[in-house]
Amino acid sequence: MRILLANANTTEAITALCAETARAAAAPGTEIIPATPRFGPAVIATRAENAVAAHALLDLLAEHAGAVDAVVLAVSHDTALDAARQLMPCPVVGMTEAACFTACLLGARFGLATFGDTAMYQELIARHGLTTRCAGLEGVDTTPQRALADPEGTAALVGAAIRRLAAAGADAVVLGGAALAGMEPQLREASLVPLLDGIRCAVALAEALVRLAPPPPTIGSMAAPAGRESRGLSPALSALLRGRTGAT
Amino acid sequence: MRILLANANTTEAITALCAETARAAAAPGTEIIPATPRFGPAVIATRAENAVAAHALLDLLAEHAGAVDAVVLAVSHDTALDAARQLMPCPVVGMTEAACFTACLLGARFGLATFGDTAMYQELIARHGLTTRCAGLEGVDTTPQRALADPEGTAALVGAAIRRLAAAGADAVVLGGAALAGMEPQLREASLVPLLDGIRCAVALAEALVRLAPPPPTIGSMAAPAGRESRGLSPALSALLRGRTGAT
Amino acid sequence: MRILLANANTTEAITALCAETARAAAAPGTEIIPATPRFGPAVIATRAENAVAAHALLDLLAEHAGAVDAVVLAVSHDTALDAARQLMPCPVVGMTEAACFTACLLGARFGLATFGDTAMYQELIARHGLTTRCAGLEGVDTTPQRALADPEGTAALVGAAIRRLAAAGADAVVLGGAALAGMEPQLREASLVPLLDGIRCAVALAEALVRLAPPPPTIGSMAAPAGRESRGLSPALSALLRGRTGAT
Amino acid sequence: MRILLANANTTEAITALCAETARAAAAPGTEIIPATPRFGPAVIATRAENAVAAHALLDLLAEHAGAVDAVVLAVSHDTALDAARQLMPCPVVGMTEAACFTACLLGARFGLATFGDTAMYQELIARHGLTTRCAGLEGVDTTPQRALADPEGTAALVGAAIRRLAAAGADAVVLGGAALAGMEPQLREASLVPLLDGIRCAVALAEALVRLAPPPPTIGSMAAPAGRESRGLSPALSALLRGRTGAT
Amino acid sequence: MRILLANANTTEAITALCAETARAAAAPGTEIIPATPRFGPAVIATRAENAVAAHALLDLLAEHAGAVDAVVLAVSHDTALDAARQLMPCPVVGMTEAACFTACLLGARFGLATFGDTAMYQELIARHGLTTRCAGLEGVDTTPQRALADPEGTAALVGAAIRRLAAAGADAVVLGGAALAGMEPQLREASLVPLLDGIRCAVALAEALVRLAPPPPTIGSMAAPAGRESRGLSPALSALLRGRTGAT
Amino acid sequence: MRILLANANTTEAITALCAETARAAAAPGTEIIPATPRFGPAVIATRAENAVAAHALLDLLAEHAGAVDAVVLAVSHDTALDAARQLMPCPVVGMTEAACFTACLLGARFGLATFGDTAMYQELIARHGLTTRCAGLEGVDTTPQRALADPEGTAALVGAAIRRLAAAGADAVVLGGAALAGMEPQLREASLVPLLDGIRCAVALAEALVRLAPPPPTIGSMAAPAGRESRGLSPALSALLRGRTGAT
């Protein structure tokens, strides 16, 4: 089974880190294919970057349409998730989506911790329809850069945030963002509730979907595009918009 | 990997049918262990039966605590799901829960079709927090008995219900109930959207959870019972309520 | 008028305490008939116990079907409420349900205070459809045992919780759990908002329903079970599942 | 026990009719005191009339503050309910509120049938926080006048509406509006689910509240007005706004 | 363009202050016509006053029906908004409604700050359907009187409340109540998010609606009243209830 | 006042049509500046196209940042609305957002009619937080092409859809999509409720926002990007991401 691990920012080092996590989580026989967009933001931290990255990500996915069995979006904002799902002829799983759904399979409610502002994650959880399953969000007041400079102090801050979420009723905590997910081994022991890494959850769910092999819908807003004309897009992407036949 | 496939009614034939589906869906190396409760309703079709079956199911699970890697609840009402999740030292997945979450990974909204009244399923979806992801429920006016007697007529009725759900915005349709799930091969070809069998989805998600191996929470309402006294329950169940140590 | 006061745990002393409160609240001419299940948890504090107690409670109710005019569930989790309502040929009222609805008749929003974790109460209020009427829940960090050992300290803790709920917009506060309800006389004077004891509210509402005498529905998910087969259940319960005629 | 039955429109005949229903529903020892506003709409059928009637109703209630044990608002729009509740030193119950809450004590979801437009009732149910308990609303295309002229044809229309609500999952149906409530005896036999008359439910719940005797809140938005100055209002109403002491 | 600026309390000084703000916000060519009710509360701070003021406000509006191009309700509770909208043959805008909608056009979520209790504002936002767009409400523990006596201390309290709302995710803050709105120039500089004055927003939106000139609906619950009889109301108001033709 | 009218598809003819409508709606002194993206879909009808167009639209807006007073997004999916609002140093209004909010200022609930599938509009209304204000959506089974070929037949279909929405409680109907909006003059006379054209509403609201001149937030998820690095984006867009100073 071939799973495309698609980063949505242009920082290859992050793609590599995510690929390492994905490979550790993958079942035997699963091949992880990391990929980085040609253009777009170095890191996605704002609404504007997220909107631009949506195109960059679809541009990247189109290159692989028909050549992979599933896609994992290695971006904690689940950028362009519904568009990717419509566009690609295979299952697509977002990493935060995967962690949230996994959390729902483990307990009644979950929390989410991240670095910085939580607004975009709160809206993402609402779009996934899981607001009533969410016990709270905690935005730790730091940045990936400061976290690297002071790992112990940061772990203490994040640990406190996780305890607040558990006290608010979270039976599991989703780690939002690659930087935070990387701290999971460090945080695990002290945590009273399971901590969920989006990449690991997404790989597991993508493998499950490939095994289930549901046919794509042929009507409705998730049916593959057909006959859609465009200008200035990559050959692969414009071909996919004209119809999957042309792309595979 | 050993997955307990726990029916919640006392009809062994249904357990056997579900086990067959589960085995077909399981990955190589997964062992499916079917089990049927000692007491309770022959089939769960009402609120009262569902409440009684909750005890029967926990009674059954307690016999297997510590001896299996995961549990799939082979009952479309996801009977006693949160209690089972708290009680057992391993992941527990409900079949309708699994199908609904799988549907959410495939599209924007899903529908559910079943035989008879939809009220209990509507409430179940609300408890799962997925009301805003649900495009509608269709209760086909028939019974498992009549469906067996007239498979073609029933397939036509169900097919029409599926089309109504798709027209209402369902990108996938969950088949609620063992009888309906058994018709999936018959219905598949004519359907414009994927049809989801709860047993197959639950096995796939249970395997994924076993692979992810999240530790159980040690605080909150999903932490294992400890020190809880009871009267008249089975030795295994009362031991689990006193504390997991005693049961494994 | 005969009201069955059905405990859902097996501790007779709690049944007796609740019966005392119920008798004090009952109108002249109302007879309170206390009853305790044959089996099940000594006290319900966890999800697993609550699921087991559902069967124990229905087993108990079935013994009285046709011989009482109404049922009050003397268990703060409103255990098996919808199943009991379907099963019994008379009105059934849950104690927390009753307190919450009474609170809604007194003000705009209510709070709920209890000992320990609030997750199960939060879900219960959601199932009752009253989430938007709930200003908050407070879980006082103590146990019934510690409360007995230090009544003054506990009253101070609970009083502070009630003040926080009032500050959050609660016009009335529901006391969740028998232990807390027993403290009502002690707490009343200092409270700026009314405190509601579930047993008292449930008795009053049950009397009101008996007086209104609505006929039971004959279709839908609340219509009485009929023709439902089972195994290993008590004669009274299995008879009720086969059809009310057989049970009265 | 003295219950003020306060109409909110100025049609004495409707007050009399509601009083008759209320007396039939009241317990022995309950005195029903019918009252009609001095000014306002003849019948409340529009948003503008409902807003005007709020003042008329409070004007009426103020005359009785301190002289009655409870108030039943005999107006199906639950006009000025929260204001009346704040203003009066005794329990206040709205008739549609009462019927909806009673329905919630009988089943999982309820429906509401009325003559004409349903928008105001839909918003009322939302304000009561019961949207998720409501299976639907049916506005029968007729008027009280036409209903009087053709009772049989109207009963057929309403009966069909009730059947549609039951099919949509209503376990009970609230009859919205005095004209429709008056048809209850005629409709009862053919109905598969209980039909609820707001006046009867409100009297029963008001009696229950008087028996429970909760103290009024002394803080928050439901605490009695104090020190509020006004111009051009009736002496009784302006006195109540200045503080209950002045009114009783 | 003539905009009626209708206060709902009887304090002429507040009408004058609001008119000053409205004139400063109005476009060239817009005439602001301030008006004060004949009767009702001096200031609206409670539910009971708000209900009474609804009639007073409609009584006032009726005097101007047909003589103005739009109405701005200069009352922060958006008193009688839907009734006024139905009654008047021109657009009607509430000041808090206007500020909340403007906030939604500027960011993802907004907060609301006011003096005293927030319950009525929370319900108002829910009635406007904007609960999910609201990041929080802050009730500053003071009164308009104390604010006048200690403007600096009050500004510090309000500033802190605004900072808490911004930290909770508010991209803009609505100033609820005339007294608070008057402090906007003082608060503006220190605020990290825009502060919205309801009068200014309402004038801008009313001008926009007049320009768009949508025809009124002729069916449904917002269609103008016709043929409605009443007693004891002002000639202008009773004429409007009988039908707009008679009023203009 | 200069308003940028930004199309999000690459069809200049649609830009020109929208500009014509915008100019007719604009106040004297407002200059409408039409603009079309350099790349992207010819028409946006699918999720994938909408995601790609988000980048194209931001690319286009960046060229005008600092040179216009407001932006109207001339795309019925309100593409990239929140990102544009964050990115630009001036107010940004989406056309469907504007029509929905205008509808909320006119009545209690609104409907939306469009050609084809309604799923994306339903989600858009949910994202705007207006689900409870929406009485329904109608997807007329036709395409812009067929509508052009048979204007009368299409008008009949749309008219019937509008009547269904009004019957479902819509006090106003939003016309979703440029093709449908173009039919407004034809549909107006027969409609019992106002029909809202997004472009006209957006121009009016944009003018109102420019007049109100709220300062942009300097914290939170809507604060302007600063210091964000990217690759392969246009000079104007990458400059805006690095900080507004660099772009103006």
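Think of it as A, B, C, D, E and F in the order they're written, each chain with its own count starting at 1.
Keep this in mind: a residue touches a chain if its C-beta (ideal position, glycine included) is under 8 Å from a C-beta of that chain, and two chains touch if they have at least 3 such contacts.
The structure presented is a predicted model; accordingly, all values stated were derived computationally and were not measured.
Engineer: Using C-alpha centroids, which chain lies at the maximum separation from chain E?
Structural biologist: The chain farthest from chain E, judged by C-alpha centres, is B.
Engineer: Do chain E and chain F face each other with the same patch, meaning over half of the contact numbers show up on both, or with different patches?
Structural biologist: At the contact between chain E and chain F, which are copies of one sequence, the residues are largely the same (over half shared).
Engineer: Based on the averaged CA atom positions, which chain is farthest from chain F?
Structural biologist: C
Engineer: Compute the rotation angle for the C-alpha superposition of chain B onto chain D, expressed as a multiple of 5 degrees.
Structural biologist: 120
Engineer: Between chain B and chain C, what's the gap in Å when you average each chain's C-alpha atoms?
Structural biologist: 29
Engineer: Roughly how many whole angstrom separate the Cα centroids of chain B and chain E?
Structural biologist: Their C-alpha centroids are separated by 52 Å.
Engineer: Can you give the whole-Å distance between the Cα centres of chain B and chain F?
Structural biologist: The computed centroid separation for chain B versus chain F comes out at 43 Å.
Engineer: Do you know which chain B residues sit against two or more other chains?
Structural biologist: Residues 82, 85, 108, 119, 123, 132, 169, 220-222.
Engineer: Quick one: which chain pairs are touching?
Structural biologist: A-B, A-C, A-E, A-F, B-C, B-D, B-F, C-D, C-E, D-E, D-F, E-F
Engineer: Along chain F, where are the residues that touch chain A in the complex?
Structural biologist: Result: residues 10, 38-43, 45-52, 54-56, 58, 80, 82-87, 117, 119-120, 123, 127, 220-222, 225, 228-233, 237, 240-241 of chain F touch chain A.
Engineer: Looking at the complex, which residues from chain B come into contact with chain D?
Structural biologist: Per the touch definition, chain B meets chain D at residues 118-119, 122-123, 126.
Engineer: Using the touch definition up top, name the residues of chain A that touch chain B in the complex.
Structural biologist: It is residues 25, 27, 82, 85, 91, 93, 97, 101-102, 104-108, 128-133, 166, 169-172, 188, 192-194, 196, 200-201, 204-205, 207-209, 211-212, 214-222 of chain A that touch chain B.
Engineer: Going by the contact rule set out above, which residues of chain C touch chain E in the complex?
Structural biologist: Chain C reaches chain E through residues 108-109, 132, 169.
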